[in-house]
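As written, the chains take the letters A, B, C, D, E and F, and residue 1 is the first residue of each chain.
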Amino acid sequence: MYHHVKKLMYTVHVDDPDPCFGNMLLEQFGGANGELAAAMQYSIQGLNCEDPERKDLLMDIGTEELSHLEIVGALARLHLKPMKNDREAAEADPLVAIAGGGGVTLCNSMGNAWTADYLKVTGELDVDLRSNIAAEARAKIVYERLINFCDDPGTKDALQFLMTREITHMKAFMAALDSMGKDPLSIGKIPPTPGIVDEFYNDSTGEGDDGEIDARGPWNEGDDWKFVEAPAFNGGVKPLARKSEDSVNSGRGKKRLSK
Amino acid sequence: MYHHVKKLMYTVHVDDPDPCFGNMLLEQFGGANGELAAAMQYSIQGLNCEDPERKDLLMDIGTEELSHLEIVGALARLHLKPMKNDREAAEADPLVAIAGGGGVTLCNSMGNAWTADYLKVTGELDVDLRSNIAAEARAKIVYERLINFCDDPGTKDALQFLMTREITHMKAFMAALDSMGKDPLSIGKIPPTPGIVDEFYNDSTGEGDDGEIDARGPWNEGDDWKFVEAPAFNGGVKPLARKSEDSVNSGRGKKRLSK
Amino acid sequence: MYHHVKKLMYTVHVDDPDPCFGNMLLEQFGGANGELAAAMQYSIQGLNCEDPERKDLLMDIGTEELSHLEIVGALARLHLKPMKNDREAAEADPLVAIAGGGGVTLCNSMGNAWTADYLKVTGELDVDLRSNIAAEARAKIVYERLINFCDDPGTKDALQFLMTREITHMKAFMAALDSMGKDPLSIGKIPPTPGIVDEFYNDSTGEGDDGEIDARGPWNEGDDWKFVEAPAFNGGVKPLARKSEDSVNSGRGKKRLSK
Amino acid sequence: MYHHVKKLMYTVHVDDPDPCFGNMLLEQFGGANGELAAAMQYSIQGLNCEDPERKDLLMDIGTEELSHLEIVGALARLHLKPMKNDREAAEADPLVAIAGGGGVTLCNSMGNAWTADYLKVTGELDVDLRSNIAAEARAKIVYERLINFCDDPGTKDALQFLMTREITHMKAFMAALDSMGKDPLSIGKIPPTPGIVDEFYNDSTGEGDDGEIDARGPWNEGDDWKFVEAPAFNGGVKPLARKSEDSVNSGRGKKRLSK
Amino acid sequence: MYHHVKKLMYTVHVDDPDPCFGNMLLEQFGGANGELAAAMQYSIQGLNCEDPERKDLLMDIGTEELSHLEIVGALARLHLKPMKNDREAAEADPLVAIAGGGGVTLCNSMGNAWTADYLKVTGELDVDLRSNIAAEARAKIVYERLINFCDDPGTKDALQFLMTREITHMKAFMAALDSMGKDPLSIGKIPPTPGIVDEFYNDSTGEGDDGEIDARGPWNEGDDWKFVEAPAFNGGVKPLARKSEDSVNSGRGKKRLSK
Amino acid sequence: MYHHVKKLMYTVHVDDPDPCFGNMLLEQFGGANGELAAAMQYSIQGLNCEDPERKDLLMDIGTEELSHLEIVGALARLHLKPMKNDREAAEADPLVAIAGGGGVTLCNSMGNAWTADYLKVTGELDVDLRSNIAAEARAKIVYERLINFCDDPGTKDALQFLMTREITHMKAFMAALDSMGKDPLSIGKIPPTPGIVDEFYNDSTGEGDDGEIDARGPWNEGDDWKFVEAPAFNGGVKPLARKSEDSVNSGRGKKRLSK
């Protein structure tokens, strides 16, 4: 169960309220990569988790994110406050001003109500940890952009604290994933089909004077990879070869025949 | 620009239409981790990307996912077809039956219209690649669950193909991220605050007879980590220490004073 | 800030998992009148509240609702578990089964992702308390319906506990509103226009053999009320009287003229 | 069935169109507490209602709110009109300007499409009346804020009329609820569990120098209430007492044992 | 303004309640092509319309659709009623049963809350009339499907009435569009670019053994049309010709140069 | 399957980035009538279509719209780019600036995530073609409004191209519908009820000094039509005549009796 101490983990100070910036801050309050999204993603993963050790980790960080929600909310509220009485300030976020009376609402900077569609919860622990590593990376970059658009020292200081914690969480989730000792490409129990798994399909082609490059790199060259021209272009507009050994489809066709 | 060849990358065969399974398949057509989500996430990241090589990668895989959308759609359509005339089949997905005439719709298995809220696009290349790695892991596990709930051999074969490709993409995105040569914990340009970044806050406590464990692991122990008891519990219900050197808040308090 | 003790306020027992009932339980987990909606509504009202005493009340109950979310989640998870492997069970909620791996998700019983559109937060304390009284009444009746559709004794016991707490909260919010000492019809600062405020417009008429009644009651009769026939019907299809003293519009017309 | 007279209940006059204010007005056209929300909430409650007298009330007010939707729409349309040709005006609401051609759309001030998620309809008459009382209070305060941000006399006059009617409706719904003669805390048929219903859980604690107060008031003190310290803090971080008579959990534990 | 007569335009009779069918009926109550969508689309178009004659038409039909909403609601309510007490019936729509108490809700058959995203309102009269013609055609086919899945004579009779009215409206909107005397391909004021407007791009190609046909018909052959092979395939994978007279791009390139 | 050539069908040039206009452009990227909506509507209709010739048409145009999505995206990206570093520019669309790093996102001009609720897909070919004709008309007028609010010649040129193609598509869909040879008012298989289908209900009345006109036109007068006064007003507030030959209801009543 939860307990709440009416004292922020971090006490916020705002010298110079900036309603437009308050509106931007809502990205981290009720936005797609914000603190409620983090808190809910980890807590619900934790609720479903059957590994007691990593369940503890998920609940630890999920709970910390709830406290961060409170910090961001306190910060945003101070910046949004002029909307209570100032018509011009109110234009920066009429939903906050008119419907919310100048207080924070569970919306992002464009007034979209927070939705659980933002969450990534699969109930497969290593997959969930990957979703969390990505989520922390997104939250970090969003805090960095907020810092870059902010002048108020107290606000920058609070955002620096919150941004730092996202890196902490990213590090913890990476360690937790690593400690599971799984091959990074082994997800679930059913193995991928050998051969097909190593084919790279060149489905986007860039040639000609103005065309963009058709790039090769570690993601499609080397011993691990078989580079396959986009089937539709394989021999002009001719149909996909169905009988040759080296085409994508024929391989699968054969597999089906041999069943 | 796009070109379309009216021939599936993979020709689907369904011997035994199963409307309930057709409904489940919609998770990969119009669902949160489905093929349209993948196609749009990578294509839009690619459109915004300023690294020409990885832009090519994003467009290659984004385009392949569009083709997968077509395969899943063809598969789902064959399973949903009995809904056209069979009242009992129609009950498995009345939206498909009544509004869609038994054809596929851009919804998930519970009839939720596809929404771009599913996408994770930040415009920060390494962050986007992390989101993509996680997205592929999720798509893989969803295909595995569909295979486990399916009896039709032709359908299982198609799903195995699609599932395999997700691992291919995961491998490519991992290689692309790795080839950027960035420290995994270095996101954006502003560094985290030293000291605070290594603190693990024990915000979820499990003690007593029925309590769950308070776990330690590589994610919160070792030279890299400083384990901090949840501030609220630090010394019972007493207020957070504000003046001692070793508390979370005092450190930050001092930093602000010294500005 | 928040702290979490990994021990439920109420330990749940389920003897006989019932996936369809687990799906129904999601109404109180991720549904419009469920525990997250309550937790967020009160906590955000509390964050915005400038009355320190009632702010404490809002945070107390908001925090308790978070704990209830955990209880409902634990209960739903036990009922949904068969969806992990049982195809028939999975049909009761394919989103939970296929995308969520049989764990709880932040959705309602029809798979709709939780949305902050469910919340009612105005930043006007007495108005917010009224919204909360209504919210608790709704949550109570939803728990009652769940109890009526449930056979498992352990589940019924937990639901009875949760249902009881909603009445507790309703009582507390009523006392808090009452203790503000405001006239129930005085909302905000601008008074309603005298005269117009006491007019009841009979805009829905029921006459004829099969027509429904045109009811009178304390809500439109007595000294407090002036009963006004629907303007459109006032004298057939003739235009609204604009000059007579006793019509709705003329009153307002005169007021404007006299400015 | 409905009939419509092409004459507003209230004829609107706007001397000075203000596109930003027109955008704000959309809160009461397609917003969460706006006129369509009111019209639909009451009309659908009325459609489901089996008490013929209060059904009439619900249809009367639901129909009046439809007429108010038209008044607000007429008002907003006049303020938004400059968006048809004026680029700067268009920036106040590009959705209205570009997609809607400068006419009203069924959105709120931040362009969110109206959604039935705003509605509170339970089919339990007294509960629905409570939701309606709260809805009217919210609509009243929103109109007051609009009046405060408006300079145009004709617009203020119309808003004053509409605001007044919300108080009228609040009064009517209160009278209708009161006339049902129910104990305010008796919702539905299943009684709450005695004892537990009177416990107030102090789940949010505020102590220390900067902590906020831990308030007592009629909502948690007096003969009616038993004040219970937040279980997690009951005796420090020790587990919840399970065997003592006076703890929350043990009471329920005993009840279960005695079945 | 609106007036409501508590007597349905059409009195519904249901001999044999069928909760699953009641759930399907919600498509026409709170669904994308349902009666509220029609009522709101036409009424809001009417509110914005500056052509007094067609404004009258839009309000006439918009108002009639509101009455249809009431008929469908009355019908659905009778079919859903068993959900109040019957657990098995409740499983057909747990949102209706648990949250709505067995009454109608403003949702579709899959429990999605009605959203104004369904509406098509542009403020350009002829465009709006085209949207309405299409909307009526969709509503007609949805009613037909409902009739095909229904056994109850009273219900079929009501649906036949409602379905008939959609054809009436379609006919009226077609006459209204026709009476405007506009060239069907003249939309707005800016003419399309000659030449480009008559080019048909063959962007989907079907060749090979299993490929689908590459069709020609009145939509891409004849004097009116210039058939252009998909630029990407024009000459294999070579870049788009930019300088030749006969390519798509060169035409536009030349136009830009000649400015 | 899809192939992508990394070269736009139309190469965009922007001399003068205008972030506010970039935000407006998102209407055609991720908006209700934008290019993704068109691409998905036609492609999914095509996937479901069983008429091989018109299926080809749907896939041709659906694929072209995907290419248009890329053009609009490239255009919007150039206009939004200043948001990366310029705080004032960022205020035009904080979601793009803060969450998206100044790149395009799949949202409209008010930040609403694209949703498949925008799509109209019924699986009835002639009905779908009607929806497409209307969709193209809407897209045309939206492009025209964007052109009117734009000063940059390169941008206007690109928009003129895209706008022109919408007329091309409208023409093609009209020809395809026409070539099916169906009576325009014959939708599906069940015929409307004779008599009722020709009745026009005058449900919106405009009389009195300020009332709007009660219009007659080809949509409600002539041999084809029977004009019926709104039942509620037919003879004042008296009940609907149920037994006379000429009333709406009695006709149906008789039909039911004669079954």
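Here is the rule we use: a residue touches a chain if its C-beta (ideal position, glycine included) is under 8 Å from a C-beta of that chain, and two chains touch if they have at least 3 such contacts.
Small disclaimer: the values here were computed from a predicted structure and weren't measured.
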Rotation, 0 to 180 degrees and nearest 5, that superposes subunit B on copy subunit F via CA atoms: 180
Selected pair, greater C-beta contact count between A-B and A-D: A-B
Classification of the subunit C:subunit E interface as same or different, half of numbers criterion: different
Geometric centre distance via CA averages, subunit E-subunit B, whole Å: 33
Between subunit F and subunit E, distance of the C-alpha-averaged centres to the nearest whole Å: 8
Inter-centroid spacing, subunit D versus subunit B (mean Cα positions, whole Å): 35
Of all residues in subunit B, the ones touching two or more other chains: 1-7, 9, 11, 32-33, 56, 59, 62-63, 67, 99, 101, 107, 110-113, 115, 117, 122, 124, 141-142, 203-208, 210-212, 214, 230-233, 237, 239-240
Subunit D - residues contacting subunit C, complex: 3, 5, 7, 9-11, 13, 32-33, 52-57, 59-64, 67, 115, 117-118, 120, 122, 124, 126-127, 130-131, 133-134, 137-138, 140-142, 144, 147, 153-154, 157, 160-161, 163-165, 167-168, 170-176, 178-179, 184-185, 187-190, 192-193, 196-204, 206, 212-215, 217-220, 224, 230-232, 237, 239-240, 248-249, 252, 255-256, 259
Interfacial residue positions of subunit C with respect to subunit A in the complex: 1-9, 30, 36, 40, 44, 47-48, 56, 59, 62-63, 66-67, 70, 73-74, 77, 99-107, 113-117, 119, 121-124
Sites on subunit E touched by subunit C in the complex: 1-7, 11, 85, 87, 90-91, 93-95, 97-99, 101, 107, 110-113
Complex contact set, residues of subunit A against subunit F: 20, 23-24, 27, 31-33, 92, 108-112, 141-142, 145-146, 148-149, 203-208, 210-212, 214, 230-233
